[in-house]
Amino acid sequence: MKECIAMLLAGGQGSRLYALTQKLAKPAVPFGGKYRIIDFPLSNCVNSGIDTVGILTQYQPLVLNEYIGNGQPWDLDRLHGGVHVLPPYKKASGSDWYKGTANAIYQNINFIDSYDPEYVLILSGDHIYKMDYAKMLEFHKAQQADCTIAVLEVPWADTSRFGIMTTDADGVITRFEEKPKKAESNLASMGIYIFSWKKLRAYLEQDEEDKKSTNDFGKNIIPAMLDSAQRLVAYPFEGYWKDVGTIDSLWEANMDLLNPSVPLDVWDESWKIYARTPAQPPHHLSSLAHVENAMITEGCEVDGEVDFSILFSNVHVGAGAVVRDSIVMPGCVIEDGAQINYAILAENVTVKKGAIIGARPEHMEDIEKWGVCVVGEGVTVGPGAKVGPKAMISQDVKEVL
Amino acid sequence: MVNLNAMGIVFPNMHDSVIPDLTAHRTMASVPFAGRYRLIDFVLSGMVLAGVQNVGVIVKKNYQSLMDHLGSGREWDLARKRGGLKIFPPSGYSSYEYHGRIGALKGILAYIESAKEKYVILADCDVVCDLDYAELMERHAASGADVTIAYTKEKMTPALMNNNVSLAMAPSGRVRELMINDEQTGRRNLSMGVLVMSREFLTETIRSAYSRGLVKFEQEILAKNLDTIKVYGYEYTGYRSRIADMASYFDANMQLLYRENLNRLLPEDRPVYTKVRDEAPVRYTVGCKVKNCTVADGCIIEGEVENCVIFRGVTIGKGAVVKNCVLMQNTAVAPGVRMDYVITDKDVTITEGQYLGGTRSFQVFVKKGSTV
Amino acid sequence: MKECIAMLLAGGQGSRLYALTQKLAKPAVPFGGKYRIIDFPLSNCVNSGIDTVGILTQYQPLVLNEYIGNGQPWDLDRLHGGVHVLPPYKKASGSDWYKGTANAIYQNINFIDSYDPEYVLILSGDHIYKMDYAKMLEFHKAQQADCTIAVLEVPWADTSRFGIMTTDADGVITRFEEKPKKAESNLASMGIYIFSWKKLRAYLEQDEEDKKSTNDFGKNIIPAMLDSAQRLVAYPFEGYWKDVGTIDSLWEANMDLLNPSVPLDVWDESWKIYARTPAQPPHHLSSLAHVENAMITEGCEVDGEVDFSILFSNVHVGAGAVVRDSIVMPGCVIEDGAQINYAILAENVTVKKGAIIGARPEHMEDIEKWGVCVVGEGVTVGPGAKVGPKAMISQDVKEVL
Amino acid sequence: MVNLNAMGIVFPNMHDSVIPDLTAHRTMASVPFAGRYRLIDFVLSGMVLAGVQNVGVIVKKNYQSLMDHLGSGREWDLARKRGGLKIFPPSGYSSYEYHGRIGALKGILAYIESAKEKYVILADCDVVCDLDYAELMERHAASGADVTIAYTKEKMTPALMNNNVSLAMAPSGRVRELMINDEQTGRRNLSMGVLVMSREFLTETIRSAYSRGLVKFEQEILAKNLDTIKVYGYEYTGYRSRIADMASYFDANMQLLYRENLNRLLPEDRPVYTKVRDEAPVRYTVGCKVKNCTVADGCIIEGEVENCVIFRGVTIGKGAVVKNCVLMQNTAVAPGVRMDYVITDKDVTITEGQYLGGTRSFQVFVKKGSTV
């Protein structure tokens, strides 16, 4: 018997990340030099004392499966509990892909029941934040809530992008609107729920019977619980939290790690972010290198300039090459004299000599045409070639003679 | 991965005495090296890469840090149900402290006899290298030798003189003379402390040597019986560093500031495994100046650093100037510090405004846990 | 790079095992006192030095997933390789359940490629046997075959139930027929194949393009390779091998363990069968117990008679109860005076006082009506109730007053 | 599972001397018991069930078999990145052999100080029981005690007289007198060797005791300061066996032939973990006769067996008659053998036609590995 287990929704395709999610699920996208997005909720779980996590996958799970493996890097290889990847499956009577977030949980009721938990924590695999779920659980218990939703104050201008709560003086949720045009409040749902399992189980079964339902937590389960006057409370969170569902937000969240005034500290020993890492030698900066305001990890070799950028493992930056305001994922090779500006290079991209990727906004004539450029996994950009700002390329780019 | 059909036996405490500063609280095998490794990592990873799945480690003293480092052996894929890593402490199986290799091996004879592998590789940890154990084994099998000793051609140094085993070989490779602590100068064939033989040969030798009171494998068994025991040499010509004293330890680290050396010792396709510490990437702040450094994860670099090997979790404050140093794990260098030719052991703190300086030939050593 | 990896087909529903496979996949069916069927191919793999196994699942995989876990019980929790459960998944362009055995492998080409193997061993999860695949691989290499199929001589009368090979004097397969009415040979395929991966990969891709194909190894891939004159050879196997796809064959294979003249020895230290086992105390036979010709494992408590039967963990047999010629799966309780004859009781069945399950053939008037009786998971058979021979029950049976 | 906020420290060699036959090559902690366990399994499983996630084991000698048994701690869910099982051999951290609990604890003071848990549970391994550590901790916290000692009410026996710590308590439960090797007869409150205190209290006590040259925790620290240190007793009333000599070891096993005892010591919902050996189920052949036996997996029984505790991998041949015996792992009893009141250690072979007989009060002991 476990008091609280976590279910992590990791099935989304993340189609707004384009070239980055062609071959892997969004939660498996590399982040912050040596992590993947999913490391954040997983590390939060173990740091919060939650030792049982189900990960719901269905889109391109190969990389994610291999990455999670037995859960050892997160100390989640436990005798009872630990981490379990849960794909959809066939049953004696019919079979289905996961239809929505709630349906994904519904299809795994047996899994959850096998731990006989009192509470279930629902997480999603596409947010970057550090949070002590144990405190949220205490809050849930103290409030005697049926469901507790973690909320964050967002700028009023952004309310139309979130699920927005209205609460009474005691923090009890009185209204919930998905992406309202005109919001009543600026308390946004962070997509983190704690349910009393018996209660959730009943609502999942009821929701499944409703043929018209889209089987989604935000659209169906929460409204249904509100309608029948269950006790839903908001748990106010203060701190760093970012949805990294778009190229811009992914770029920003990475860059936030370089900003000392942003409260997201991966060097903090008391709340480590765990990751599965390959065996790589220390990195090496030569006498030619110029590195400032950067994160660099093992296996890198730098002879060029790296500024306001993040190099993942095993990245090579040649002499005279310049990497600025960019995120360079594992195994990329940036040859001599190449320039990378405001770009995200996916794994194993090769940028040949003298090629130029992206642009700096201050050099644009038409600022509307400027944006972060993305180069997909394994792409080679030929010598002297140019890839413009905002481009999303997943094919090799030929040499320019 | 080939199945090598060989088991490994590692001697972590051999040669402890050559670097007493670093082995005061640890074994030679657990001496930190190259930013993120311990010396034993090179031995274990090399063996595992060659398909060895069963390794015994015979410890003698000061081995708590080695046990912490090795854990269950998982990081080297040696946390196994069948075979895997096994640590043998001296008083674990009896109350006497062993003497020499033979004594050590006698204590674990039952373990060696119950193994399934045909061959045994004995290995010390004082030579850092990228030895291809699979090739060594092939050569051993092909030559028909009883024992094959891996060696390097090395210029004799004063430090090596009282801690070496040197070989003289016939053109066939068969060892004609085996000398202990030979003091001849010039280029010599020095044993790497890596010996291959059949398991049967080893167990028979242990039994007969032990009953005759012999404890030194090279000196008392091999050197005196080269006419009856077929001993062959295998020359290793790859990158290596031989740790023979503090100066050679410093040099061995410094050599890794040359990228070609780093790549030869740690080639991309032959990973060296070590204990995972879950460190964040290195953070280089605005205004830092870093030239020619080898840096492991978890560091925060705000100052000026040149020609340094920097281990995991080191912090170097603003305005500090650190040159020609080896800074081990969790060394904290406060703002404004100046350091030149210094070796800091683990968990050292250098407080604000200090100056510590050695020279190219004599490095200042700051011992584990101290605050300067 | 791995020389040879294994792919284990474990997706079948096993519908001919009726009540036993309502909630679990066939390879997860308990066998032989403390094993499940899949332990045999898995243990064969590790005993043969194969350290990388992909398990293809899609039907009710929850129990199987939990059982396999990180693979540690089979020494398959490896840094590179080890055991991986591979369910179907969604891709950027479409998604599919596994259509046939060959399609299941086709959908996991990326997984196999990631180990860059020279050879792939295809296994199925519903056979009981001990076999050294390393010897078969040596044979495959010595024969310079494109595909090696393990074969067994079967009685001529049974040939219509198997895939039958005809070979020339060198063991090269000249003809392959699935379940022939009139067989040319009595060499039956054991469903164990070694392919040179490059070759198989090409045929899988070709087969996938053929819209009419049923994407099955026996029906499509092997015939296509034969048609294009690839070198297929038969690897003759001698020893115990049994397909446990039906109730009768499952019962027989279990009982074979009790027969000293059958060459299937699970006590042999040199070829252990590994299993994941719960922590249970030793079993206890009281002064009232009478046990002969039986297998009993940890957690059992016996006060009654057990003859020619297998008790799995945690089975209780009450005073005066009789268990004969039966297989009693984990957690069953057989109360005082109950009788079990020629039956398979699935997990956690309770047989109340004086109930009678199954019958002995010598007591039947009409022998045609006799057969092994199966009681499904969790069923309670009421006090004094009777369950006839050949019955398949998955509902509680009420008390008879 | 509750998070107990306590770490455990186990002393495997305490009380070795009371059963010298069984501890000649092992620690008290690794003495085989109840068919498939080692004594330490009961301590570790109890702690883990109560949510303890960090356990240190301080070994002194003969601990190779214990290390083999514990491995990485995986079977007890103690193979963890954070916390988990840690074994401390004496010469691992220094060269001296420790004396008393205080000496042992002093050697691992840094480990204790770096732990995160608020409480520490110290435990010996000589009392086999199903102690609820969570309840013990609750009682400790509720009483406001500095130290809580778990005890049982026990009839004093000659064997216990020179190896006991007994308590006299006020009605409140506070210990008024703590006696070492007290020889009074009758029912006494005997410590189970399980002590709970805050980590802070423990580290302070170690420091101050060590500097004053005191090494015995109960005798030199607690017994002499009962007015200043608040020591409370916690009575354990569940099933237990206290191993005080060979006869009580035999009895403790034999008691498990009563099913109610087996179920009380090993209740279904409180599993006791042990090393997995991958044994097949027990095979009972045609013609065997087995009455009143507790049998672990991997055995093949062809003969007549009555009133025996049979460990893993035992074989009993046709026509053999074995009664009132404890047969440890891999004992092989040949056909035709007759045995009565015999204890065989691991890997014993009894050859065809032998007769071995002891009595109810004196059992024949056959030592590890012997052939009779």
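Observations on the model:
Going by the order they are written in, the chains are A, B, C and D; count residues from 1 in each one.
Just so it is clear, contacts are C-beta pairs under 8 Å (C-beta built on N, C-alpha and C of every residue); 3 or more make two chains touch, one makes a residue touch a chain.
Given the structure is predicted, the values throughout are model-derived calculations rather than measurements.
Set against one another, C-D and A-D show the most C-beta pairs in contact at C-D. Taking each chain's centre as the mean of its C-alpha atoms, the one that lies farthest from the centre of chain A is D. Between the CA-based centres of chain A and chain B the separation comes to 41 Å, rounded to the whole angstrom.
Chain centres here are Cα averages; for chain A and chain D they lie 48 Å apart.
Under the contact definition stated at the top, the residues of chain C that touch 2 or more other chains are 72-73, 77. Along chain D, residues 74, 79, 81, 273, 278 each make contact with two or more other chains. Per the touch definition, chain B reaches chain C in the complex via residues 1, 3, 74-77, 79-82, 273. Touching chain B in their complex are the following residues of chain A: 32-34, 72-73, 258, 260, 266-267, 272-275, 277-287, 289, 291-299, 301, 310-311, 314. The touching residues of chain D, when paired with chain B in their complex, are 59-64, 67-68, 71-72, 74, 79, 81, 86-93, 95, 278.
Those residues of chain A that touch chain C in the complex are listed here as 13, 21-23, 57-62, 65-66, 69-72, 77, 82, 84-92, 95, 97, 110-111, 114.
The touching residues of chain C, counted against chain B in their complex, run 1-3, 49, 72-73, 75, 77-80.
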